[in-house]
Amino acid sequence: MSDRPPTPSRLEHWDRRMEVPLALASFAFLGAYAVHVLARDLQEVWHDVCLSVTLGSWAFFVVDYLVRLRLSGLAPHRFLRAHPLDALVVLLPLLRPLRMVNLYGRVQRRHGPKLSLYGRVMVYSGLSVSLLGFAGSLTVYHHEVDAPGATIVTFGDSVWWTCATLATVGYGDVSPVTPVGRVTAVGLMACGLALLGAVTGSFSSWLIQAFTREDEKRPPGDSPGA
Amino acid sequence: MSDRPPTPSRLEHWDRRMEVPLALASFAFLGAYAVHVLARDLQEVWHDVCLSVTLGSWAFFVVDYLVRLRLSGLAPHRFLRAHPLDALVVLLPLLRPLRMVNLYGRVQRRHGPKLSLYGRVMVYSGLSVSLLGFAGSLTVYHHEVDAPGATIVTFGDSVWWTCATLATVGYGDVSPVTPVGRVTAVGLMACGLALLGAVTGSFSSWLIQAFTREDEKRPPGDSPGA
Amino acid sequence: MSDRPPTPSRLEHWDRRMEVPLALASFAFLGAYAVHVLARDLQEVWHDVCLSVTLGSWAFFVVDYLVRLRLSGLAPHRFLRAHPLDALVVLLPLLRPLRMVNLYGRVQRRHGPKLSLYGRVMVYSGLSVSLLGFAGSLTVYHHEVDAPGATIVTFGDSVWWTCATLATVGYGDVSPVTPVGRVTAVGLMACGLALLGAVTGSFSSWLIQAFTREDEKRPPGDSPGA
Amino acid sequence: MSDRPPTPSRLEHWDRRMEVPLALASFAFLGAYAVHVLARDLQEVWHDVCLSVTLGSWAFFVVDYLVRLRLSGLAPHRFLRAHPLDALVVLLPLLRPLRMVNLYGRVQRRHGPKLSLYGRVMVYSGLSVSLLGFAGSLTVYHHEVDAPGATIVTFGDSVWWTCATLATVGYGDVSPVTPVGRVTAVGLMACGLALLGAVTGSFSSWLIQAFTREDEKRPPGDSPGA
């Protein structure tokens, strides 16, 4: 949100080189955590492997953050201010998959035909919400599944609960009962609703734009109707 | 969302000729499916008739899609990108009634006085939501009615649940319990909320516009108040 | 939503003369209905009085509508298109109190200092929602109170349910179970959410405007920050 | 919402001098009320102390309001119109912490780098909502905890309920049952939803702005994509 442009060249060089490794680490992190949470009757040793992968990716991201901080030449608190999402992702590793969205943006920018402004906002926010929702479902399921009196007892319940929460429908047929589950839920609401608001807002704007353009096309003149 | 204008002439000619048949097929599809789902004590043979009509309309839409793809002269993935709704409608036939909204637009354009921009967005989105909601109610009812522990046991419950879901109120007095019902519900939320957001957003804009215009009318001057 | 300006002079004259009588009739209608619904242990005769007042006001509004249709010189369907709210109010008399909002606007316009554009949208929509909510609470309570298995058993419950519905929170601790109650609920959602969307949208716009203005005040210059 | 600029100089002088004392009084008010509500097994005498602090801060705010009214030289109803939030805060002391948001704004303005317009709207609304939510949780917990049939039985439940309400999710697993709790809930919905609407609206606008700016950066040209 600060307007100061980040210092370029060496930092940009690093960013470009780390793009693919970081994306792979993100996949590894989310995948390993998912296996750890969902495959409950796996052998002990595999759970240890998953945990190692998870923690390894985490360490990798911390190192990346520190290198980028160093290369930027900014004081830590200024760097934090300029890249708030990155810091958040280091603290809350489950938000890390949001980095994958960046990667998607870069891939799409190079290869595909360019989407409209609203289209990109929708795709970006939609992808972020999906990843957030998946990570949130995992966390909530992880903490709820063995809690006494829990209503979220399968991963399907957890995904259903996540969808109903993100849509702000909130049936209440299933809902978290543990403190950790509820804190995760609140975080999910806070992030998810803002992002989904961006999706629906962009969709509205895009729809209105499409109708305006149609107006302008048919009669050759001006007056886009009102 | 892509800005490339679709190639005209032969494709447009086809579109114009198929308008009425496609609309009839949409009605037939939705009607036959509705009878199949709702008339539970109908004779076996009639269910078969309904199913045939449903599948026949589906085939008709697939053929139409392929012809239009051919006439457009575009590669399949480019055609898909230029007409995403049409492809979705071929895959998820219950969204097909959205075509009827197009038809309404064309009828209204020819005969009636022109609605304002926001008015058209509202009418378009509102009609789409109604058809989506009806199709969603049917699907959910179809899959829930015989499920053990279901709370949606009549079609009225299903419609009530759909309305509460689309308004994001989500009382939770009735809610789907089967996997298919829940997946339908999530699809309904995703499509419905974006469309309803367009309705309420346009309504707000229209209201603010109406008040601004009133401001400008009364004193002959400028300053629309702030 | 049509842009055609309504014909003036005689119609306007009638409007101005009927302003106070119509507002009184609105109050009478809503008041009599409220007494009829809420005062359940009233004597039979008083219920008849209330019903007569209710029906009398209704008749009065129908007459007013017909006179205005006549004076406008428009064909019925054009008049309907130009004044959709008025026709709706004749069909669904419980929406009639919305006329009082108009009256408020006229009173406020003459006497008080002018509110800003967003302020007026908020006041107008807020008042409309309050009246709608009150009328909706009455109707739902009326139909739910004696239904078997009802959770809305006091007028307080009904008001609480209305507020939770209009805010789209929808706890589901109380919710209508009768068909009429549910249809009213859906109508309430449809009207209320659009109006409340206008309130929150205007509030956001107003807040952003207030912050922009503050920006412009402090430094003498331009650049309103971004 | 009125556009009349408040009279300056002496009033401004007073405002600047009272800034810190008023903020301290706000903290004292909220803190003392929180201790009074949450520390249920405290000795009687400490509850009396808390109550005194609470009432003392209240009195302090009333005095401040009267002094500012006097200094402004405006008639009471005009002052009320120009500073509606201040009057509300005197009547409903639990909204008083909203003053702290003002203080934050002033601190941030002097020391930190300036946030963008949308950033400030988000921070301001977000802080207001947090304080409102905290005050609301306290009030609801205070009135619900001993009510028969209450589902909100711990402060954690109350905070969880507040978050689900403000996000308009409304699971309904816990919800207020006492009249005072429900009235507080309705107030919380009314204030909170408007403020949160401003947060999500600003976030959308900020996101779209960020994407637009990125568009403008890459190619040197104009056309920000559409």
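A, B, C and D label the chains in the order they appear, each numbered from 1.
Assume a contact is a pair of C-beta atoms (placed from the backbone, for glycine too) under 8 Å apart; a residue touches a chain by one contact, two chains touch by 3 or more.
Going by UniProt, the chains are A, B, C, D = Two pore domain potassium channel family protein.
Remember, it's a predicted structure, so these values are computed and weren't measured experimentally.
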Fitting on CA atoms only, what is the rotation between the copies chain B and chain C? Please report it in degrees, nearest 5. 90
Taking C-D as the reference interface, identify its repeat among B-D, A-D or A-C, namely the pair sharing over half of the contact pairs by residue number. A-D
Label of the chain whose CA centroid is most distant from the centroid of chain C: A
At the interface of chain A with chain B, does the proportion of residue numbers present on both copies reach over half, so same, or stay under half, so different? different
Centre to centre, by mean C-alpha position, how many angstrom separate chain A and chain B? 29
Distance between chain B and chain D based on Cα centroids, please, to the nearest Å. 41
Residues of chain D engaged with two or more neighbouring chains: 3, 116, 118, 164, 168-172, 201, 226
Report the residues of chain B in contact with chain D in the complex, numbered from low to high. 3, 168-172, 226
Residue positions on chain D within touch of chain C in the complex are 1-4, 81, 114, 116-118, 120-121, 124-125, 164-165, 168-172, 175, 177, 179, 182, 185-186, 189-190, 193-194, 197-198, 201-202, 205, 209
If we count contacts the way the header does, which residues on chain A are in touch with chain B in the complex? 113, 115-116, 118-119, 156, 160, 163-164, 167-173, 196, 199-201, 203-204, 206-208, 211-212, 215, 224-226
